[in-house]
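Structures for review follow.
Both of the next two complexes hold chain A, though its partner changes from chain B to chain C.
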Partner chain A sequence: MDNNNKVTSKVIETEVPLGTVHSAAIEPYRVRLFVEDEIVRDAELTVGVNHRGIERIMEGLPVEKANSLTEKICGICSNSHLWNSCLTAEKGLEIDVPPRAEYIRIIMEELERLHSHFLYLAHGSEVLGHETFAMRLFYIRETVMELLRMIGGNRVQYGVSVIGGIRPRCDLNEMKIQKISEGMNYIEEKIGEFADRFVRDPMVMSRISGIAAITKEDARRLATTGPSLRATGIEVDLRRDMKEYEPFEFDVITQDTGDVKANLLMRVLEIPEAVKIIRQAIKDLPDGKITNRSWEMQDTGIIRSYIEVPRGKLYHSYSLEDGRVRNSIVRTPSITNINTMEFACIGTHITDAQLAIVQCDPCFTCTDRAVKILDEPFRNITKI
Partner chain B sequence: MKFVVRPQHIISVGGYIVEVDFPYRNIIVVNPTEEPIKIDVPIFSTEWIDEHRKLGLEITPTKDEDSFLRTWRKTKAKLDKIKGESS
Partner chain C sequence: MDTTMIINSILAVIGTLILAFAVSIWLPGIERKFIHARIQQRVGPPVSSPGFMAPIKFFFKQVLTPNSPMPRLYNALPLISLIIIVFILLVIMPQMYSFAALASIIAVIGLLKVEEIMYMFMGSLSKSVMSVGMPFPDLVKGAKHVNETRSFIEELSTLRAFRLIAFGSFPLYIALFVPVVMAKSIFLTDIFAFQQIHGPVLFTVAGAIGAIVYFIGFMIMLNEYPFAIMKTKADVIEGPLLEYMSKYRAYVYITRGFLIFVLASLFTTMFLGIPPNIFSWNILVTIAVAIIFPIAMAVMSAFSPIFTFRQFYPVVAATSILGVLAIVASVL
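Right after this comes the complex of A and B.
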């Protein structure tokens, strides 16, 4: 890849293809590694195995329906998509969200960050060959998944946000707050133990130190976002600019080396910060309404909304016409991070290439925005 | 990263634009040929349009004020005509 983010046309005879379905990759994507003496000289990553069509289906749908469809973009950060899609409408229609609803949205978002980071760490551990770590991390993650289920009713696609607030079933009572508090105690204790074992394990450290390093300059050029950007030492976190996060105190974690170790440590160190935010939110949870229903639908121009999700910057944008969504666009963080993944492979040993891809926390489901809805005899469903 | 556009297929790549100094909101890409064509994503600059037109793709950029749906339907109708002629 050259400085203009283009794959170079240099002819290298040995090509190692990975995928589209491969045991080391959770999702379908194709990697072509161009290798000389077992060192990756160039890489090409191809997505599009799943048909993407969510933005096209959203076109012309009533806004509430389109919002709930965005939740289907990703199984890991479904809450982030729904929240940002609702925020877009709220921004365009100038709707004030009650403080209680904003706090509950933050709790959901941070719980989602926790489960996403645990998933990343478990997947990373699996790829670097430490399955015991992976299984233990999945075990800790279960606590977060159960808390998400308790609040939203599902382990994925919780359906918490609606335009103007949250759904009544997702309101928190004393019992739920107590459970969240207990869950946070458990997570904090366990992540401390894991971090201790992780950094003290010489085998793990030697496997991940100095591998697939990205410099600050490359990260800026490749439009890297989220923890992968912060792992290079650039302190950018959109949560600092979001009014929803103003009441909360937390630190923006950064690392310097930009390698696999920095990326893994970024997520380990961001977990206690998310716990800190959740603790503040349940402690200061305001009383009052959870939904503002006093708003009117009107036509708007193009509305844009950015939020910080577990993988980086998420962008949702559409305009409203007769209550329907027009010109819808969604950009997930993995789209910009995929160039970083390709670039990180270059110069690594072939056995480290998958680790170089995984270090950026890829989510190809988000990227492809897959949907396949089939006609069933008794249900009137759109066929695409 | 590459993305394969199937033969005689239409896609929009708005979600792949990294909006740093990019004048268009969305880009509709049509592959009128009978071969799959790979495109580069994400899209960083307007040069991308010319480079990909050279590959044989028909590219229609849309701006903020354009109606995406109307442009899509027009482009799709053109593609359907091409499909009809070739079958």
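Right after this comes the complex of A and C.
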């Protein structure tokens, strides 16, 4: 195999196509596994089944409408998309967001990180074949979902951020703060119990230790992002560079081995950090306005914004023309991680291949939006 | 043998079979409702659903031709499996001990092997739509390997079924030889007689170790988590059973329930000296074991991930060594 993840040998025993519909894959994507004696020698992962063309729909929409449309990109990181889309406009139009709104946005983002990580751990356990862990993790996650519903009004599309701040209904009062505090106590206790049970289980550890390991060098070469990158030992977290996170103290979690175990532990250990940030945010929540309405619309060039979402780096960019969105591009972390997923499959047992993909926390339905035609006559099509 | 005795024997055999069927249809429900669901803190299906109502439902579903090169043979395999398992139960009934050659541990093992081989046939004869490749050359992303030979995921199960036959079911068979060595006979009648005189094999050191080994073999035989490699949903989904529908799927469900009962009966016969016989109160012990085994199995599987061959080989090897130790202990 060469450095570009291509098999140099022509001899491949057989191909096992998994998907686009498969019981271990909760989203429609296609994996071609090229195997020899049940060991994966090469892999190819393609998306395109659920193409929705959201960027195309956003083109020409008023910016507020376009922002709320980005929330529909993902059912897990809906807040992240909306927040980043609003951030893009705020950056381009130089809008100052009131500190109270910043804090509530951070609380929402970290709650979303919690529910995403619990979802990851539950899905990982299910692919591992440990249904009991999966079920119990979903129960713990339910607390977070209820908190999200309490703040945003919905369990999936919260609609918290607007340009210049947050919606009035999403403001926090004493009762809500109390409930968030209780929820965090519960989460911290439960994740501690789970982590203890998890790392002491020899059967689970034997399934995940040393499986689908990615080295630092490979992670850099494959442009891995998010917790999957940090699982290889590279300390990169965009939250460190975001001014919104400046008031908060938290540790950037890293692991060394880059395997399934490291990836799972990454999420387990990031949960208390998210809890820590939420606790700081509710403790120091500033008083005052929640929305800055004193700004004017104007035309802009291409505005770019990156934020750290539960799965990695999220990119939004668009320009504004008469208050409408032009040249919109969204890049989710999963598109960045597809190469890593393919690479992680290689060398694993075929049963572990799905686990190797899941370890990068894929979200393909969110990734599946735009198609770029590279050459005529539509022979080579690449997702962007 | 007088006429009354013959009639009694026939009634005992038929009665035991009916009882076995009546008990076996509840076993999957007990396993799933009372153990799996309770451990996972969920309601679970009605206790009659997996073993009783589901087969009834499937019997009234439309029969379609499965995607198989030999659909009739493929559909017949669960029924053949069921017949084989029923035959095993017949063999271990005390009324059948007069058929000396059949009522031996070798015959039982042979029949169990045939039952195992059925999964290989099922896998080879199943070609599910899940594995069918695209009808045009796959050029997305430049396609790493164009027009590669594609494997049906059930073919992987076939290979795994073969491996299970080759080494996976070792623990169960080794454990069955513990009473054989102690009774110094392969015939069930001698093993039964030995335990009448010396007490149950289970209550000896060798028997206790053998029982543990048997239980692990029981789980492997039933392809239950963590030993469900043949039908793991992370890759082969349901493996050989994927294409079964309507009444043929009903046979699959009934076969599994019946296999649980038969393996429990085999355990009581070999380790407790209690063969299944409806005319004896000891049948309650057989029923109790038939309920305890799936309950214990459900507890084990609820707390374990699925094994790949990386874990499977050492576990089977260790259990087999334990079984060999039990045999050595039974000699001493």
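The rule is simple: the second predicted complex is superposed on the first by the 357 of 384 C-alpha atoms of A that agree within 3 Å, B and C clash if a C-alpha of one lies under 4 Å from a C-alpha of the other, contacts with A are read in each partner's own complex, and residues count from 1 in each chain.
Convention: contacts are C-beta pairs under 8 Å (C-beta built on N, C-alpha and C of every residue); 3 or more make two chains touch, one makes a residue touch a chain.
This structure is a prediction, so every number in the text was calculated from the model and none was measured.
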{"item": "Which of chain B and chain C A:E273 touches, first, second, both or neither", "value": "neither"}
{"item": "First (chain B), second (chain C), both or neither touched by A:E90", "value": "neither"}
{"item": "Touched chain A residues, chain B compared with chain C", "value": "C"}
{"item": "Chain B versus chain C as contact partner of A:E15, first or second or both or neither", "value": "second"}
{"item": "Touching partner for A:V127 - first (chain B), second (chain C), both, neither", "value": "second"}
{"item": "Touching partner for A:Q354 - first (chain B), second (chain C), both, neither", "value": "second"}
{"item": "Touching partner for A:E112 - first (chain B), second (chain C), both, neither", "value": "neither"}
{"item": "Chain B versus chain C as contact partner of A:R136, first or second or both or neither", "value": "second"}
{"item": "Touching partner for A:E71 - first (chain B), second (chain C), both, neither", "value": "neither"}
{"item": "Which superposed partner A:T332 touches (first chain B, second chain C, both, neither)", "value": "first"}
{"item": "Those residues of chain A which chain B touches in one complex and chain C touches in the other", "value": "6-7, 44, 46, 48"}
{"item": "Contact footprint of chain B on chain A as seen in their complex", "value": "5-7, 44-48, 52, 55-56, 59-60, 223, 301-302, 326-327, 329-332, 335-336, 338-339, 342, 369"}
{"item": "Touching residues on chain C, where the partner in the complex is chain A", "value": "36, 39-42, 130-131, 133, 138-145, 148-151, 153, 156, 159, 225-226, 228-229, 232-235, 237, 302-311"}
{"item": "Chain A-facing residues of chain B, complex", "value": "1-4, 11-12, 14-18, 20, 25-26, 38, 40-42, 44, 62, 64, 67-69, 72"}
{"item": "Complex contacts: residues of chain A adjacent to chain C", "value": "6-7, 12-18, 21-24, 32, 34-35, 38, 42, 44, 46, 48, 125, 127-132, 135-136, 139, 203-204, 206-207, 349-355, 379-382"}
